[in-house]
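As written, the chains take the letters A, B, C, D and E, and residue 1 is the first residue of each chain.
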Amino acid sequence: MPRRVLPILRGSLSIALTLLGLLALTFFIGRVLPFDPIAAVVGEKADASVYETVRARLGLDQPLYVQFGLFLRDMLSGNFGRAIFTGNAVADDLRHVIPATVELATVAIIIGCGLGIPFGVAAAVYRGRPIDHAVRLLSLIGHSVPIFWLGLMGLIVFYAWLGWVGGSGRVDIFYLDAVPRRTGMLLVDSLLAGDWDVFVSALRHIILPALLLGYSSMAYISRMTRSFMLDQLGQEYVTTARVKGLSRRRVVWGHAFRNVLVQLATIVAISYGGLLEGAVLTETVFAWPGFGQYLTTALMIGDMNAVLACTLIVGLVFICLNLITDLLYRFLDPRTR
Amino acid sequence: MIEVSQLRVAFGADENETIAVDDVSFTIPEATVYGLVGESGCGKTTILRCLCGLNRQWSGSIRIAGKPVGPVRDLAFYRMAQMVFQDPYGSLHPRHTVNTILSEPLLVHGIADIGARVSRVLAQVGLGESFRFRYPHQLSGGQRQRVAIARALILEPRILFLDEPTSALDVSVQAEVLNLLRDIQVEQGLTCVLVSHDLAVVANLCNRLAVMKQGRLVEELGVADLMSGRAHGGYTQRLIAASAGYDRALVSLDSD
Amino acid sequence: MTSNSPILTVEDLRVGFPTPRGTVEAVRGISFAIGRNKVGIVGESGSGKSMTGRAILKLLPGGATSSVKSMKLGDTDLAGLSESEMLGVRGKRISMILQDPKYSLNPVMRVGHQIAEAFRVHHRASKAEAEERALEMLAAVRIRDPRRVFSLYPHEVSGGMGQRIMIAMMLIPEPELIIADEPTSALDVTVRLQVLAILDELVTTRGIGLMFISHDLNLVSTFCDEVLIMYAGRIVERCPAAELHQAKHPYTRGLLASLPRLEDGHKRLRVLERDPSWRDEPIPAEA
Amino acid sequence: ATPKDVFVMASDLTTFITFDPAAANESFPNELLRQMCTPLLSLDHQDPSKVVAGLAETWSNSPDGKTWTFSIRRGMVFASGKPVTSSSVAWSMRRSMKLNLVTASLMRDWGLSSPDQIATPDDHTLVITLTKDLAPSITPFAFTNHRLGAALDADTVMAHEKDGDLGAGWLNTNVACYGPYRLNTLRAQEVVILEGYPKFWSGAPAMKRIIVRHVPEPGAQRLLLEKNDIDYAKSVEASSLAAMVANPDLRFQFKPRLDSVYLALNQKDPVLTNPKVIEAFRYLIDYQGLSETVQKGRAEIRQSFVPAGVFGALPKGEDPYRLDIAKAKALLAEAGYGDGFKKTILTMTNYPFPDLAQNLQQNAAKAGVTLEVRTMATAQLYTLMRSRDFQMLMAVYDYDYPDANDMALRMAYNPDNSDAAKATNFLAWRAAWAPGAWFKEQVETAQRERDPAKRTALYAELQRRHMQESPIIGIFQRLGAMALHKRVKRFDYNGAEIFYDTIQKD
Amino acid sequence: MTVQSFERDASLRTWLLAEAPESGFQAWSQSFYLAWLRLAANPLAVIGLVVLLALGLVALMAPWIATHSPFDQVLTERLQRPSAAHWLGTDELGRDVFSRIVYGARTTLYIVGLVAVIVGPIGLCIGATAGYLGGWVEALLMRITDIFLSFPSLILALAFVSALGPSLDNAIIAIALSSWPGIARLARAETLTIRSSDYVDAVRVMGASTPRIIFKHVMPMCLPSVVVRVTLSMASVALTAAGLGFLGLGAQPPTPEWGAMLSTARQYLLEHWYLAAMPGLAILTVSLAFNLFGDGLRDMLNPRS
């Protein structure tokens, strides 16, 4: 029995160490930042006495290790404290920003995979042909274009000129809070409530930022898919499949593609993780009340409670995705069972 | 020259532990060639890797040149013993020229006079100066294996470990390499350990050989016995029969 | 049995690879015919054996160019077939066994499904029917517990078993010709013989033509009926397998001579001296 | 298009630290808070120099100008149903003192630092005694500040007290004041909704709701405004101004603001203390060029520290300096820096500061002075200001009330220039400038002077001398530009404060 | 073209394609030449390379190419549309945009080049060491890598820049610090396959020390894929630099830097679109070029069929 427990123990220890390192690094970053949370709280006009009062109130007059210790204790008890810049409990803030980001990231990754995988496969199968170059060009542009630029252009064209999509924000302002909040993801909540109008409005708002993010993850996914597929298409078993007289489609999708699923899962998880970390610039352009903006703002004013909590979340997301891909490996690849 | 007793090697831990080599003992006198034969996975390579210090997890005792050696070896050991690997395509660094590959051991051991030594050893293995600045991919399999042999010889070792030195080569090339090894061994009085699954190759080079099966040494016999088919074990007999070619009558279909 | 009417006749097959140093001609105008017997192709590494086999199935690696005067399989001229028409030939009429079962089976598919798939591509059959056939085929290659093996993954079977599965997969659509490219060189000596025996039996009883590619002269001379010897992309000699040891061409003789023999002991081996004229001398007429 | 009785605006809601009157200090949250917390007295919606009634119906002062008596309006109730009384105001003032946050600092500036200075003889009378000797025309401005003079519903706030914080935690995101609007929803980074209070003493606001959407990107705000998905865009890009003004669907309101864009030379730096060097810098700024190009429609030249439209301001056009590189060069040579020197100038990343700094940089280079520009986030700049850790900086200062006294205190007054004094609320201290006895005397005299004409004269003299001697160089006064949809008929802005209760819209 | 020069070309070609090179230099040139031939067969990669070379040339020759000084402000001529006098118009301070873009090539190349020079070796060393040594060293190094990897790179860079003080060099260091983990992972993965290869065993049997094996034998094998990876991430480096510039933490004014130009131009986007389009296009072109070239390199270095 202990033999089975040992690797699990070692795994959890390494996860815990990663998290601790992550927190320590964030804490350190927070300390070296020249942004002064007290200045943010008291503003420009307060006198020295006020400054000292706030300093003491925020606990910033304590030695560093005490601050870190207190912080760790709070984290472990699930108390993320209060965010300076929103005045809310960090946990409450996170309850709002995380679903928004998850929603956006999920739609984006669906778009990214939906386009990226077929494109990547086609590019590998028709390697060196025009379609390969076209996909490459398309995805490289997605990889290189500054996203805030593309975002504003998208808004001008599709919102201001054509009126096809909603403008900034998650939903038309008058649908705000129109459906009860269950998951925090508007598309889901509106469906659960059966409110079609809200759903359409939410869809119109999410489509542009999601397309944008989806496009840039499509770039990554299609390139990786191409490279994985090229590896597989050179394998002997692909020759075997062709010898059997299978059509190209069956060979590619039925045989080669099934073998890249595992690697692909990792890639998709990585890009999904990246999206969950929040796309600050996209969120800014589209006024998406998401995680990336929250974290960046917190960092910019040195709001350590919020920053540390966010880091912990990111770390957890990272670890969870690692775990999920591990499980997927086991599920998709019989060799690892 | 080489004494191995009760060598045991296990890989993995706990339930998926595999014993690759189990209680193997043999002795090899100086200036002789000792063969190790057996089927794939029976532990031949593992023994060799233990002998040359590449594999550090073993138990038992190994004495080389009269001195017991532990898992970790010093530089002096590597001047005395060298190894030639099975796959000449994999054992040469793909981004180094022949010159770099052959200079490397000299640099490691701080031996001067690199240029001359490289020329000498190239001549010794029958490669001209024209090969000196080629990359491995510009050489044929046989030529690569010669370079690999040259690399082993350039330190002037007294012991040579050969891991299937010809199994990746064509018959015609194999003949060249075998002849070369034979010449060098005789000329320099080297002690060699040769691993192969081809009995004919073993018969061609070795003085004595050991037959292995699943990590154990099942039989040890002289080359004369092998030539005349005087093996005792049934397993050795079968190996000898199989190497003669296909004979429908001898094969029983049902197994597995 | 009409053993002398050839299944496949190939005339003037050429395969080339364009490289920066000029085109490498891997196969240079070879012609041969295969009937319902076992034809061995031997030669040193790089002599074009595999490319010949692959050119027949039109499965050359990307970048290769090939041409052939005629390549007749029965009445069909493979030379003129399009890629989609070839789909009906591959597997159904000609199939190929590759060298290493470890790499030639799809690692994420159960072996039984891979076999059944080969059947279903060419025969209208339900899934259950195909699986039934696959099980029969597994039994035919002497696998003792076909049901268990059916649902194994390739990494769970041994090399010898893998190669039998490969044979089963290639035989299930009942082709007329099988190309075996070094089907046993990845296997242990003792296992090798068993696999060969199975292949031998199935090919002989079903009247299938076999093109057996190998570099092991010993093996070819004992296993095949007829031997073609290739050198530098050309067939330099052809002879009945039994007469291989009396071969006339200096290349063949050289190869034979350089083979170490158990009974010769420490004898110095003869080294093959290559004569540049072999590359281009006239090719002997059909035997 | 937005509904008729709902006013929708877009703003950057990323940081929203608190709604607590004792602590609120950011400009936009304060603007919102002002709509929910009516102070004792109010500035006139059009003319910021006029004080009108607020919570207090009438007010009077003792002859020495130190004791002020307010009579609180009757019939006002909080959301909880409790009446608004004089003790509500008193409690809220004492609370601010106890918490010692920004508002406490503000109160100290007025000489209000002890709870004993506040008395409530009855429910509708509030008596406040100040310790400072101020002209009676100045003091009322103190009570127009909604953070200082608002009424909090003590019971509601104390019901949410936690760990002795006097309800501060709860007030971060809640409001318990009396005003024309009440807080409905607050979600940082997303939305703020204010609900009109129909029984407000001056009548129900026409807009039943104010919705503020979080749109950080000015370009996106503009697109929304042009489509009338919002009625008012809080952030207008300078570059878009001309085009937006030309758009017939939009309407603009411009008002001079209560602020100063300035260049400060740190007097801890020996080079920058040289009066000739200081003067040279006054000649290195292209006031004219910048106001006509980069700052066009966004700012006007103002080299004296009192903004136009404020009591005590110098008449328009009395700006003696203009770009004169030759003169600056000569001055530098006189000062012994003919070969120039090298300094770093700090400024903010947001418009127009990088442009202003770069322009100065170019002019300085022509006079042989090498300036290295460092742009940074505002919070970071404050930190460096507080520690007086800079050589030069260019920034803007927002004043609190429209009387020259405020400006004089910030710009020309620094009783203790030591590091230990940490008088961070005085710009002179921040620039390490000790103005000397004359300035101290002048500021304090002007503060006490009751004759408006004499006061004006005192401030004029003060400003003229300041322009010659001070290392704090005034450059511009900014113009507030409000971008509205044309459907908005009325939206009061007096330069100091914005009023939502009188918004009218088609 | 004379016959002679043609013959010289021909002999150079023979020299480059000779079967038996006579010196290390020739051998090296040959492998380079063959790689070049393979690259040349990929037109897109060649385009990428040409663009990069052109960019280098522009950066080098900036003073001669630019029509104006990139710093000269003429306030009265601000925000002008492209014209004969100002090919790409003028910016908010009346500076010539074309000249600023030309000079900006220097800054951008400097950033990108320096990041590559920092990131490659760090990532390579950490990855190769972790991969080769295995055990707790690997566990430790890879944990650190994971920690850095799970930080959004812009934020990490932001933190570092603010810690070190905003300047171009610090921005570069920060970007480098936030982008080595990807390289380290790649190098480690590569090393894992190399570690068990016969040629590494062969040097171990020579008695070579561990550092020698890592530096001389393992690293050269990881190098190609690391180079490819670095080339590919150059695009995102340029964008991260732009992002930092966007936050005022990159290049400080008035240094012409594309990212900073783009971020300033952002507020003029709706009125003066070309102001943003020009640096945007420049960034796009460069990162596209880097990506195309990197892609070509990847295909060139692992020729699969």
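By definition in this document, contacts are C-beta pairs under 8 Å (C-beta built on N, C-alpha and C of every residue); 3 or more make two chains touch, one makes a residue touch a chain.
The model shown is predicted, which means the values in this text are computed figures rather than measured ones.
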- Any chance you could name the chains that touch chain B and chain C both? E
- Query: So which chains are sitting against chain C and chain D at once?
  - Reply: A, E
- Task: Quick one: report the Å distance separating chain D from chain E, using the average Cα coordinate of each chain.
- Result: 47
- Rounded to the nearest whole Å, what is the centre-to-centre distance of chain A and chain B, using the mean of the C-alpha atoms as each centre? 54
- Separation of chain A from chain D, taking each centre as the mean of its C-alpha atoms, in whole Å: 39
- Query: How far is the middle of chain A from the middle of chain E, if each middle is the mean of its Cα atoms, in Å?
  - Reply: 26
- Overlap residues in chain D, where contacts from two or more other chains coincide: 219, 376-377, 380
- When you check chain A against every other chain, which residues touch at least two of them? 34-35, 152, 156, 300
- Residues of chain E engaged with two or more neighbouring chains: 162, 266, 269-270, 305
- Mind listing each pair of touching chains for me? A-C, A-D, A-E, B-C, B-E, C-E, D-E
- Task: Would you pull the chain E residues touching chain D in the complex into a rising list?
- Result: 71-73, 75-76, 78-79, 92-94, 162, 166, 247-249, 252-254, 264, 266-272
- Message: Help me check something: in the complex, which residues belonging to chain C touch chain B?
- Response: 44-45, 142-144, 158-161, 164, 188-190, 192-194, 196-198, 200-201, 215, 217-219, 221-223, 254-255, 258-272
- Note on the structure: Within the complex, chain B is touched by chain E residues 19-24, 26-27, 31, 197-199, 201-209, 212, 216-217, 220-221
- Item | Complex interface listing, chain A residues touching chain E | 14, 17-18, 21-22, 25, 29, 32-35, 133, 136-137, 140-141, 143-146, 148-149, 152, 156, 223, 227, 230-231, 234, 273-274, 277-278, 280-281, 292, 295-296, 299-300, 311, 314-315, 317-318
- Item | Touching residues on chain C, where the partner in the complex is chain A | 57, 59, 62, 84, 87-92, 95-96, 98-100, 103-109, 117-118, 121-122, 153, 155-156, 166, 169-170, 173
